[in-house]
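Here is the structure we will look at, set down as structure tokens.
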Amino acid sequence: MNPEIMDTDRAFNSMEDRLAFMEAVLFVSREPISPDRLADFFACKDAAEFSELVEAFEARLAEAHRGLQLHRTGGGLQLVTRADRHEELKAFFAVRAHSRLTIASLETMSIVAYRQPVTIAEISEMRGVNSIGPVKNLLQKKMIRISGRKKVPGRPALYSTTREFLKYFGLNDLSELPSLEELTEMFEEKEQPSLFSV
Amino acid sequence: MNPEIMDTDRAFNSMEDRLAFMEAVLFVSREPISPDRLADFFACKDAAEFSELVEAFEARLAEAHRGLQLHRTGGGLQLVTRADRHEELKAFFAVRAHSRLTIASLETMSIVAYRQPVTIAEISEMRGVNSIGPVKNLLQKKMIRISGRKKVPGRPALYSTTREFLKYFGLNDLSELPSLEELTEMFEEKEQPSLFSV
Amino acid sequence: MQTDGYQVRTESFEGPLDLLLYLIRKKKMNIMDVRISEITSEYLHYLEDHRGINPSREGDFLMTASTLIYIKSRSLLPRPDSVAEDSEESRLLHSLVEYDKVQKIARLLQEKEGGQLVLWRRQEVPENFETREYELEEVSSFQLAELFLNLVKRSERERVFYITSKNYSIEEKRVEILGMLDRDGFIDFVAYVAGLDSIEEVLVSFFTLLELVKLRLVVAVQKRLFDSISVWKQPAGDESGNHGH
């Protein structure tokens, strides 16, 4: 048993108290929790005592006003939403998904913002990957627009930012974008030379 | 109301049913959930109906075997563990200490909160030291954002607080911060050791 | 630092204002009643001993030191109707009053932070409802700029700007001061500083003096609190530092 755990001053006085802690642990945890670890932490006498605890926990979750269930996976115990809530949850969260941008789109967005007007080839070169996808995505979202044609063979489209772009990023005009000098200053801030360390 | 939400086939038959869904939604979401969005989703008649729901939800959470509480922060609702479980959780997950903001960042945060929108030069002058470092740190933590440009030569960036700031400090909105007068009274009561003394 | 009934500081001072407020509180003075001359020497002691001085902020501490010396030296000279030094002093006091508020708010925020850190949030939410995408409202123009900067660096097609800080000519001052010492034997530093035109020049002179003391090329002595600072050349071979007593 972990000595550090033993060090802390704990006293689970009642079943209720243990159930409450169990809920907090399962709520927080990223991974399924091993039953042994929990039993250890509660200093359970034997497996039966711990089983009783888990059953009590499940009984509470089974009440009508609860939306969660206990899931026993190979790795241990985990709290998850009840299966019959799935469609409603999807409906609730679906609304948000429409306004999301991927990191690829954001990178593309930043290139258009700082290098406009710019072609897809130039964007792709800077990102090191073909960028037709994100450009299309941003066009659909009306964050960029075709502002002209480049006077080179093939006359590729040139892309620029839109008013929609300004609105989303809370800018009045393009000059409000952080300048690269400002940013560089922040990231390259050097320590002042010490005058005392002679 | 959003037509997409209307499309889905939902029927919340009872208070219990709504409470269960509310638990599932709050459990699943990383961000605080806007009360309006939930009220909309439940098609509540009015604010009173939704308040009643929230109160019922909190009443269930207050039971002895529960380890969670409802938290209002950044203008939304969020499930978090109860404060009195902190030490046990720390012991269980063998976490030493949570990282805190440095004094420099806290001071900078204070100036932005009370003087927004404000430039780096103004922050540095108030603190008496160059404050590019903490500004960068707070920008990266999304606790402040560039909200415009000051109309003086050089057009320096102006900084304001974000929703992340409210969330981090557990504030619902800026009005929850005391006024400078209230602050003076608050601190005159106590003795005035420096922030940094042990 | 000896304990004197006041709390011992364990961390370094954020900056000169932090140190000044600390000294004022230590004396249990009200900020508005403070005479700069009463805390100047203590401030300088801290600087000399390097106690609690944030090494990356030395320049700021020295800048304020020169302001303090400037104010004090002006106040020692018989120029009663001068407005200039008053405005310098009141400006500093105003800064202290404002910074005092900043510290109070920072303390309040720190308490709130502490209150939040005991509340645990979920560390991860199910994949079904989480996408690894960004919501626009969560993306600020700063992040956009940061992304672009990284792309610029990555593609290595751009030279990155380096901002260099202002360069004070300590070297020239050093030659001047050493030259004066060779000629006159000693310098009354306060009188010398009082004759300078700009705060910048005072600052450079003070920097230079500190450097010369550290290099043990000169000896600077202030016999009593309100006395002027006298500067001599360090006698050759003597490195003990016990001078003027």
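Assorted remarks:
By letter and in written order, the chains are A, B and C; residue numbering begins at 1 in each of them.
In this text, a residue touches a chain if its C-beta (ideal position, glycine included) is under 8 Å from a C-beta of that chain, and two chains touch if they have at least 3 such contacts.
For clarity, every value in this text was computed on a predicted model and none was experimentally measured.
Taking the mean of each chain's C-alpha atoms as its centre, the chain lying closest to the overall protein C-alpha centroid is B. The most distant chain from subunit A is C, comparing centres defined as mean Cα coordinates.
Inter-chain centre distance (subunit A to subunit B, centres taken as mean C-alpha positions): 17 Å. In this assembly, the C-alpha centroid of subunit A lies 40 Å from the C-alpha centroid of subunit C.
Separation between the centroids of subunit B and subunit C, computed from CA atoms only, is 34 Å. Contacts with at least two other chains are made by residues 27-29, 79, 81, 85, 89, 139, 145-146 of subunit B.
Residue numbers of subunit C whose C-beta contacts span two or more other chains: 57, 120-122, 126, 129, 140-143, 146. Listed in rising order, the residues of subunit C touching subunit A in the complex are 50, 55-59, 62, 120-124, 126, 128-129, 131-137, 139-149, 151-152, 154-155, 160-163, 165, 207, 210-211, 214-215.
Against subunit B, in their complex, subunit C makes its touches with residues 7-11, 13-18, 21-22, 25, 54, 57, 60, 64, 95, 98-99, 101-110, 112-122, 125-126, 129-130, 138, 140-143, 146. Chain contact summary for the complex, subunit B toward subunit A: residues 2, 4-5, 7-10, 14-17, 19-25, 27-29, 41, 60, 64-68, 79, 81-82, 85, 87-94, 132-133, 135-136, 139, 145-149, 155, 157. Contacts from subunit A toward subunit C in the complex involve residues 24, 27-30, 80-81, 86, 89-90, 93, 96-97, 99-103, 106-107, 109-111, 113-114, 125-128, 168-171, 176-181, 183-185, 187-188, 190-192, 194-196, 198.
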